Amino acid sequence: MTNQQKPSKLSSLYINCTLKKSPARSHTEGLINTSIEIMEQQGVVTNLIRAVDLNIQPSVDPDFTDDDWQDLYEKIKSSDILVIGTPIWLGEKSSVAVKIMERLYAHSAETNEAGQYIYYNKVGGVLITGNEDGGKHVARDVLYGLSHIGFTIPPQADSYWVGEAGPGPSYLDAGQQNEFTIRNTSIMTWNLIHLASQFKLNPIPAKGNVVQD
Amino acid sequence: MTNQQKPSKLSSLYINCTLKKSPARSHTEGLINTSIEIMEQQGVVTNLIRAVDLNIQPSVDPDFTDDDWQDLYEKIKSSDILVIGTPIWLGEKSSVAVKIMERLYAHSAETNEAGQYIYYNKVGGVLITGNEDGGKHVARDVLYGLSHIGFTIPPQADSYWVGEAGPGPSYLDAGQQNEFTIRNTSIMTWNLIHLASQFKLNPIPAKGNVVQD
Amino acid sequence: MTNQQKPSKLSSLYINCTLKKSPARSHTEGLINTSIEIMEQQGVVTNLIRAVDLNIQPSVDPDFTDDDWQDLYEKIKSSDILVIGTPIWLGEKSSVAVKIMERLYAHSAETNEAGQYIYYNKVGGVLITGNEDGGKHVARDVLYGLSHIGFTIPPQADSYWVGEAGPGPSYLDAGQQNEFTIRNTSIMTWNLIHLASQFKLNPIPAKGNVVQD
Amino acid sequence: MTNQQKPSKLSSLYINCTLKKSPARSHTEGLINTSIEIMEQQGVVTNLIRAVDLNIQPSVDPDFTDDDWQDLYEKIKSSDILVIGTPIWLGEKSSVAVKIMERLYAHSAETNEAGQYIYYNKVGGVLITGNEDGGKHVARDVLYGLSHIGFTIPPQADSYWVGEAGPGPSYLDAGQQNEFTIRNTSIMTWNLIHLASQFKLNPIPAKGNVVQD
């Protein structure tokens, strides 16, 4: 299976949904970079966008063009792998992440050349940082949203870092030494590459899942 | 890709997590049967278990053998496709479904011959009925649980039926005529077959996702 | 208990978190108006804000003053009752609602004169509309967020309308005739009034819940 | 307000939803005992039940009498305060906790002498332990379930302990020294007492929230 060993044409997009505009330090970006490093070592093209730096309005209208979304959507459509990165606030994903999910959802009735929904043959994952609690809650919401609109979710496609209950240091300040987080980020990244590679070679058959209007 | 057209060796297991013992009528089973029918037309071996008919105790101990779980676990291990069926109570999956998830989780540190976690190369889906509201909430919890322990989640791997807000008829009484539910059940079933077929031919490579103790 | 019969000094604030700017029709506003009507009949002062009409940036910084939030926060502080109204997208509350929750959270370390957290003695509720599924999921997230930062949640403090699974008319188009939704909206509204009235007369004692820095 | 200072007639019930039967050590019980101690110091009658020691079957039928539930339900009805204690598995509350919620829900159409739903004038809280992540997710589900069937949720009615992301010691092994958890458990306990005391003196008025069949 040489396709797994040389996924040179694969392309990935990471959308960092921190609330803080550049150049403010983002803990979530720290975790994202760990995954990006593995992608690049495997020859996957990587792109990293900090959503809050762009003008993206809340909307579920696919024809809304009065902001920077359509450019980002083009990047999403040309990527094989999409990873949502988000901090945790009140135990939940950021409002920026929800806004991105809404805009993704806006296009979910569009189809690819095979007549399947537009996100078919793309794979999705999620990276999360918070100073305490909420990783799995955020992961379930993001991964479900992606799955429901057509992404495939590889095994163990989430990784997070959170500290012990209560106030405490955030990810970068804590030193990024958590073995569980390091390991899960690596597994997630590899499984995203594996499934995206397989879909590149063998797309999901257009049978039983084609949109009929 | 003849593997998609003749998935004759694929095996699927549906676990109905209704609270009602046989032979009581289960609305969830009604929805499950719609999916089973498609599987059988495609030559997939199907098995349907009503969990509440078995003696399954709450536990997260993989060595707990004092009930019927180990037999069910053998069936799960020998299946390529697992579908959890559940009713909705208070907007959530049933306690029986949670018990099954706990027992699945108990074995999540076990590995396959390739050194990956035991549920790798299996695909998961969820079927849900309620008389009103809660479908997506249940779907996100079940699909995330499966994903987190190693299952792959194909595109749109959930289907549900719920009525309008408030008291009203349940699925079978409502007549099973909802086109959205029929369509989503079909898409889910086909995508489970497609991905299970692909993994049969091309398992997820054992690279970057192998357990090292 | 004349205080329950004459809550004339009570003040309520409804924040509509629709994605659509005024004057676009908002189904959620339709449901909100049902609750407002009851409040006004009971002599409660009501205020309705459509958050997306204001310039509110995503932030968890209490000192962020570069937008319209601080004015809204003053309104929140002077209200006894806060009701979050939100549509459902992908089974979740809107990104606008999450943004409001983040900004509320930003101030959660502030205290009242008694030394309790700032939202003590305020009560919270939630009103939700979607064309199908997601009411309880949204309710649990919003009510938990409010509770966690100091609001009291009266009995049955949520009301929603959703249609049968799948595409279909939204709340106003469906005719607002759902008895379950009408009844729950009324119960929620009355219980908000009852508890806010009680706290007006008998605030939560400042014992065991006072912040010590 | 002497009622707050001498809530001598108040009664509380803690239901520990650990998966482990007595006399196995329960970390959740360790946290529960911290709250019970405060209750007893304030003269509140306390009861602690480990649900898994009883024979409680999954059911949403209020007339199901073939197990130990009806005795437990009598205890619930005679308590002013109900606290659900639960461990976290896969980021969720235990199957035992869900079973208890289902049985509570089964009676949610019953009414008190004033014609309100049966759980009115009772207050609810939740205590959670896990070795990592999931506290807020569990809290939102339990508190919402209680609220939706008629309990009042005081401010900050949840407390949890979880460790840093990944495998690690459980609550009792970690030493119970987490100041955040200690403080939140205390605040929760006091607020449960405060609101239960207030409802003892001034029940929620039976206006606008009375069941009409």
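Read from first to last, the chains carry the letters A, B, C and D; within each, the first residue is number 1.
Criterion: contacts are C-beta pairs under 8 Å (C-beta built on N, C-alpha and C of every residue); 3 or more make two chains touch, one makes a residue touch a chain.
Predicted, not measured: the structure shown is a model, and the values here were computed from it.
Listed by label, the chains touching chain B and chain C alike are A, D. A separation of 25 Å divides the Cα centre of chain A from that of chain B. We define each chain's centre as the mean of its Cα atoms; on that basis chain A and chain D are separated by 37 Å. Note: centroid distance chain B to chain D, computed from Cα atoms, is 31 Å. Touching of two or more other chains is recorded for residues 90-91, 136, 140-141, 144, 148-149 of chain D. Judged by the touch criterion defined above, the protein chains are all mutually in contact, each touching every other. Chain D makes touch with chain A in their complex at residues 90-91, 132-137, 140, 160-167, 178-181. Of all the residues in chain D, the ones that touch chain C in their complex are 1, 4, 38, 116-117, 119-120, 136, 139-141, 143-144, 147-158, 186-187, 189-191, 193-195, 198, 202, 204-205, 207-209.
By the touch criterion given at the top, residues 19, 52, 58-60, 89-96, 98-99, 101-102, 105, 141, 144-145, 148-149 of chain C touch chain A in their complex.
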